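Below are structures written as structure tokens.
After this come two complexes, each holding subunit A, first together with subunit B and then together with subunit C.
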Partner chain A sequence: MTALAPRASRRRRSAGWPAATTLRYAALIVGAIVMVTPFLYMLSTSFQSQAYVLTIPPQFIPNPATTGNYTAAIGTENFLLYFVNSLIVAVISTAGSVLLSSMMAYSFARFAFRGKEAIFRLLLAGLTIPAVMLLIPQFILARNLHLLDSLGGLIFFYIAGSLSLNTFLMRGFFASIPGELDQAMQVDGANSWTRYWRLAIPLAKPAIAVATIFTFLNSWDEYPIALTMINNSDNATLPLAIANFQGQHATQWGLVFAASLIAVIPVLIVFLVFQRYFVQGLTSGAVKG
Partner chain B sequence: MALTSTAGRATETSSVARPGRVSSPRRRRRFTLTPYLFLLPGVVIFVVAIIWPAVSAFQMSLYHWNVFNAQLSQWSGIDNYLTAFKDPHFWQSLANSAIYMVATVIPQMVIGLFIALLLKKKSPVQPLFRVLFYLPVVTSWVVVSLLFKFLFDDSGLINFTLHDFLHLMNSDVSWLADRWSALVVICLLGIWKGIGWSMMIYLAALQGVPESLEEAAEMDGANRWQRFRAVTIPAINPATVFISVMLVIGGLNVFTSVQLITGGGPVGQTDVVLTYMYTQAFNFSDFGYASTLAVILAVFVFILAMLQLRILRTRDGEELA
Partner chain C sequence: MKRSSKLGLAVVTAATISLVAAGCAASTTGSGTGTKASPVTVTFWGSYGNGGNSTQQDALNKTLIPAFEKANPGITIKYTDIAYDSLLQKLTTSAAGGQLPDLVRADLGWVPQFAANGVLVPLSGSMSDYKTLAAKDYAGNVSTNLYKGKYYGLPLDTNTRVLITDQAALAKAGVTAPPATFADLQTMATKLKGTGVSLFADSGLGAWNVSPWIWSGGGDLTNPDETKATGFLNSATNVQTIQMLVDWYKAGLIPNLITGNKGATGTSDGLPKTKYATIFDGPWMSGIWTGQYPKFQPTYSPIPAGSGGSISVVGGEDIVLTASSTHQAAAEKFIRFTQTSAFQIAMAKTGQMTVEPSLADQQAQLAPYYKVYSDQLKTAKSRIASPNQSKIDAVLTTTLTPAFLGKTTVQAALDSAASQIDALLAGN
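And now, the complex of A and B:
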């Protein structure tokens, strides 16, 4: 870094600072309003009783406000069961996928072996295969493996579906960890599993955070596979339950949105917990390659 | 670069580690097995649950598939493909998928990049904005689809705002009752939900643009726009490739929002390839024809992905040269 250039540019920037910053924030605030208003409206609707939904003019501040939709949503139709189902599926899928894809990523980043290029390309091809194209054969496969209508089946396909992207993201990150550390541990007699588990994994926290967010989000929100595989409502996940719910109670929007908002909370928590690593993890994974 | 970069980059590491030590034949043999053991569980699941179904989708497309007893399925060669070729409803659904893809990919990328540029500078409120813009991304397609269905209801918030409040329209619009206005709703949802995602990837890419390059350009008298074109755009090209490929694939794969907002209606006019496929498979039990539709779409996706990689990468190469 030269000392001169930054100082010169800083002075010039500071001259135009207020106007540019005001514009920047104005644009950001307008954007944020567009992003958030639908959610606020959903929130407000969820606190309205049926009589006030879709009236003209619309109510923005519910009056009278009621928590009736929430108690009704939680109290009826096995909502807690669907919540737990979703949680089980999303947690196990995420843990399984992050473990398996980090192992693959480590292998690609740290070893030279025959067939490496071919296997990597096969995995990347997985990114271009449309998930929904696989619905029918996966349905038949699940039937043959007796995985139809079970949480285990969903977990199996969710893990499989997320391996490509996760491996791709984490391989880039592992490759950016200096090889000297690895060699030092190797000289000390650490075997490759120890080097993966004790060195690579702790150092790759940001990439693991990204993989965790993506996988948890996708398995928590997934709809098409759950729609085809789950028939018995006892094994339904939240997206399926909410869609069915809306189908059955077509006009009870307050109820549907109360359930929806409860369903958004876990992904929001996962995102907020891991988001500080997010940009860092993406930087070395996806965009540098 | 991003998507096709070879796996071979780190190969030196392991070979560099060796010269110091005497490698007995036995040690070398173990050494070659290790990487495969790391790959094994993941690759097995991947092959069983992704590759094998992909292959069998292609295989099924060549049969009049018998849902109840696969053994009784009749070989039909390219019959299903000829049927698809002559099926106007398939062409319309393909057109709808393509319209959705074209109408959503570019706005998502442009707006995403724009917001990423606005958020690039670190500030106390930056994380807040980041979360607000990412909110639609973390929300399930099911939830946001129902939400948009509600907003665009005949007596919903959008009609109220445009008609009763701003008086931009003379009467309420039945958004979901017409092919084109329904597609507008579905596309708006796609853009609204996806902006945060491309913003996040671009934000990460922008952190990687060397500041020294920007400063050098500034010293040379380049203005803001010139610096953006000559420095920033080429530097984030790998991210652009990654985002555009993922979005094009995602765009052609639109399913949940259409299924839940219009269900393909009115009378199948807003069907996209995958909702049409779903109807053929699970309402009419025609797995063979449905697989054919899926395979045709997959071929389109694959060709487009390859084309993008080629075009965007050559441009990158020229700029570097």
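And now, the complex of A and C:
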């Protein structure tokens, strides 16, 4: 009886695995449907004329289909300028934020200095303050620094706003890189900058990918700061332009969704480029056992 | 022939606008108004953009502003369009940072709020011809600029809500004419049950939405001095009127768009799609439907009358000058330009009703539905003039929504709203 018990247990387990796998798949499929359906609906609506949008039951295959919304969105005065403005702001903000936060994270992870933990916690405290509470102080600061109504002002605040989270993410990552690698380089005469730039950064690609995707997405989508700081339409970014498609009395949803889909393209590109680092083993192969 | 007459009309309109703009230029004197030698740029914020429909912005940017600038060398008007839902937030933040533009096209409900914050110039003091200009406008619209004895703006455009119906939906209810009374609506309600067509739809429960029902039902929001809501807003008459709406809502005859379901079909789409039989809305809808539902033929008629008659709500925008403006004289020139018949009629062509009663006939010639709006305006009332108007809207929405959802009674909801509004009026 006792001898049979482990075999029976194994049988039960092996019989249970397909069921668990099926459940996992079912949960994943349901999750995927929940995530993808709104996007498909948005895609479908963007190819419908106003008379056919928001019909019940929802129409996922547009009939009749039209590309009129895309033509109208792109044809809107300055739409391409807003696109370029958004691209400039998002690319520079992302590069600046990832560079600065990775340097800060490296110093928090590798160096010992007085008040290190206190400064780090102060930095993290920034994450707990709701962004909307900072709008007016940021606006006044921007005014005093003469950064209002400029792309440079947006870049400044987008970098500042993303430093806390990125530093937090990357500090943990840098700390997990074995210290022996640093020591080995140090013995070979590498200074701090070389160890950061030639060792930590190449090994931290997955963390940099995460920080890049988050920062790009946040800078690309950001609305409240852009709304309060930008006055001249020549400096407007895409979220402002898309918001203007929503009217006080009526909204052309096909147009809003077409413009939003155009706006999604750069985000998709950034995600596809950096996606493979997401799933990469963090430090696998860095230290030979 | 037809084409050439249209072209001729356009040329005459442009010439008239230029002449009037030039007239404005000639009538203004003083330093710092903007000259060829020392040009100034006057910044102007508003929400003329209409959900992708740029007719009004185009009229402003391509016809009116160029005409003004041509007649006033040295003054450039830089107009920035901001989404309506975000404009108040942007104005509030900019006011806090002292970075407002020179001119704002402000919802008439916002003027007392900004006047109370001290960020506007009282035009009745700074413009010597204020009284003459204001005398040409509807008194009700001028009064929306009044705060503590001073007038802080001039009416720019006006509007009101009338009943708009879909003929196909009326046919489903077995009627041919739009409902003229609350009783007619009750009859329609019985007939529309189970047809899938809603009797009435609206997008909220703020003062803009519920006031026409309350006033037409014979009730009021406050006492005549607008110092107390208790005893008025929560009167038996108002309970009866709101209960009528709640009963329709519970019977599925009013969609949950009214209680804040952002995903519900909007009134501008639901009416032409025969999902909704009736809505209350403004003159801008015609332009929206012409572009989006060219085959739809809406019927415009007065708000259905209850025991109080057919009473609607005054809407519109005022033009205000900010205290931080460094080009006040130039900005005042543009304000004068907005009060000319050329400006008013050019904007009326895009769905913005004129604020000058003397132009009503000329406006009615542009489109027949304007007459329904002009007639409705004669008895329409203004919302409570208070710096807390947006808070009053929030109170009405948050107290009435539970009554519609069946979580409280209409009496309890109105009692609570009245008491909260009393506190807001006391802070005026």
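Just so we're on the same page, the second predicted complex is superposed on the first by the 248 of 289 C-alpha atoms of A that agree within 3 Å, B and C clash if a C-alpha of one lies under 4 Å from a C-alpha of the other, contacts with A are read in each partner's own complex, and residues count from 1 in each chain.
The definition used in the following text is that contacts are C-beta pairs under 8 Å (C-beta built on N, C-alpha and C of every residue); 3 or more make two chains touch, one makes a residue touch a chain.
None of the values given here were measured: they were computed from a predicted structure.
J.: Should the pairing of subunit B and subunit C on subunit A count as a clash or a fit in the superposition?
T.: Taken together on subunit A, subunit C would clash with subunit B, as the superposition shows.
J.: For A:255, is the partner it touches subunit B (first), subunit C (second), both, or none of the two (neither)?
T.: Only subunit C; A:255 stays clear of subunit B.
J.: For A:135, select first, second, both or neither according to whether it touches subunit B, subunit C, the two together, or no partner.
T.: In the superposition, A:135 contacts both subunit B and subunit C.
J.: Touching A:92 in the superposition: subunit B (first), subunit C (second), both, neither?
T.: Once the two structures are laid over each other on A, A:92 reaches no partner at all.
J.: What is the contact status of A:228 with respect to subunit B (first) and subunit C (second): first, second, both, or neither?
T.: Both subunit B and subunit C are touched by A:228.
J.: Identify the partner contact of A:243: answer first if only subunit B is touched, second if only subunit C is, both if each is, neither if none is.
T.: Both partners, subunit B and subunit C.
J.: Which partner does A:220 contact after superposing on A: first (subunit B), second (subunit C), both, neither?
T.: A:220 contacts subunit B only, not subunit C.
J.: Going by the touch definition up top, name the partner, subunit B or subunit C, that contacts more of subunit A.
T.: Higher number of touched subunit A residues: B.
J.: Just subunit B (first), just subunit C (second), both, or neither: which does A:192 touch?
T.: first
J.: If we overlay the two complexes on their shared chain A, which of subunit B and subunit C does A:204 touch? Say first, second, both or neither.
T.: neither
J.: Let me test your reading of the model: by the given contact rule, A:143 touches which partner, first (subunit B), second (subunit C), both or neither?
T.: After superposition on chain A, A:143 lies in contact with subunit C alone.
J.: List the residues of subunit A that touch subunit B in one complex and subunit C in the other.
T.: 54-56, 135-136, 140, 224, 228, 240, 243, 246, 256
J.: Using the touch definition up top, name the residues of subunit C that touch subunit A in the complex.
T.: Per the stated touch rule, the residues are 43, 45, 47, 49-54, 78, 80-86, 89-90, 93-94, 96-99, 101, 265-266, 268-269, 272-273, 281-282, 284-285, 288, 292-293.
J.: Using the touch definition up top, name the residues of subunit A that touch subunit B in the complex.
T.: 1-2, 5-6, 9, 24, 27-28, 31-32, 34-36, 38-39, 41-42, 45, 54-58, 100-101, 103-104, 106-114, 116-117, 119-120, 122-124, 126-138, 140-141, 156-157, 159-161, 163-164, 167-168, 171-172, 174-175, 179, 182-183, 186-187, 192, 196, 217, 220-221, 223-224, 228, 238-240, 242-243, 246, 253, 256-257, 260, 263-264, 267-268, 271-272, 275-276, 278-280, 282-283, 286-289
J.: If you look only at subunit B, which of its residues touch subunit A in the complex?
T.: These residues of subunit B touch subunit A: 1-17, 20, 32, 34-36, 38-39, 41-43, 45-46, 48-54, 56-57, 60, 70, 111, 114-115, 118-119, 127, 129-144, 146-148, 150-151, 153, 155-157, 160, 164-165, 192, 195-196, 200-201, 203-205, 207-208, 212, 215, 218-219, 236, 238-239, 242, 245-246, 249, 252-253, 255-256, 260, 274, 277-278, 281-282, 287, 290-291, 294-295, 297-298, 301-302, 305.
J.: Show which residues of subunit A lie in contact with subunit C when the two form their complex.
T.: Residue positions touching the partner: 49-51, 53-56, 72, 76-77, 135-136, 139-140, 143, 148, 224, 227-228, 231-233, 240, 243-252, 255-256.
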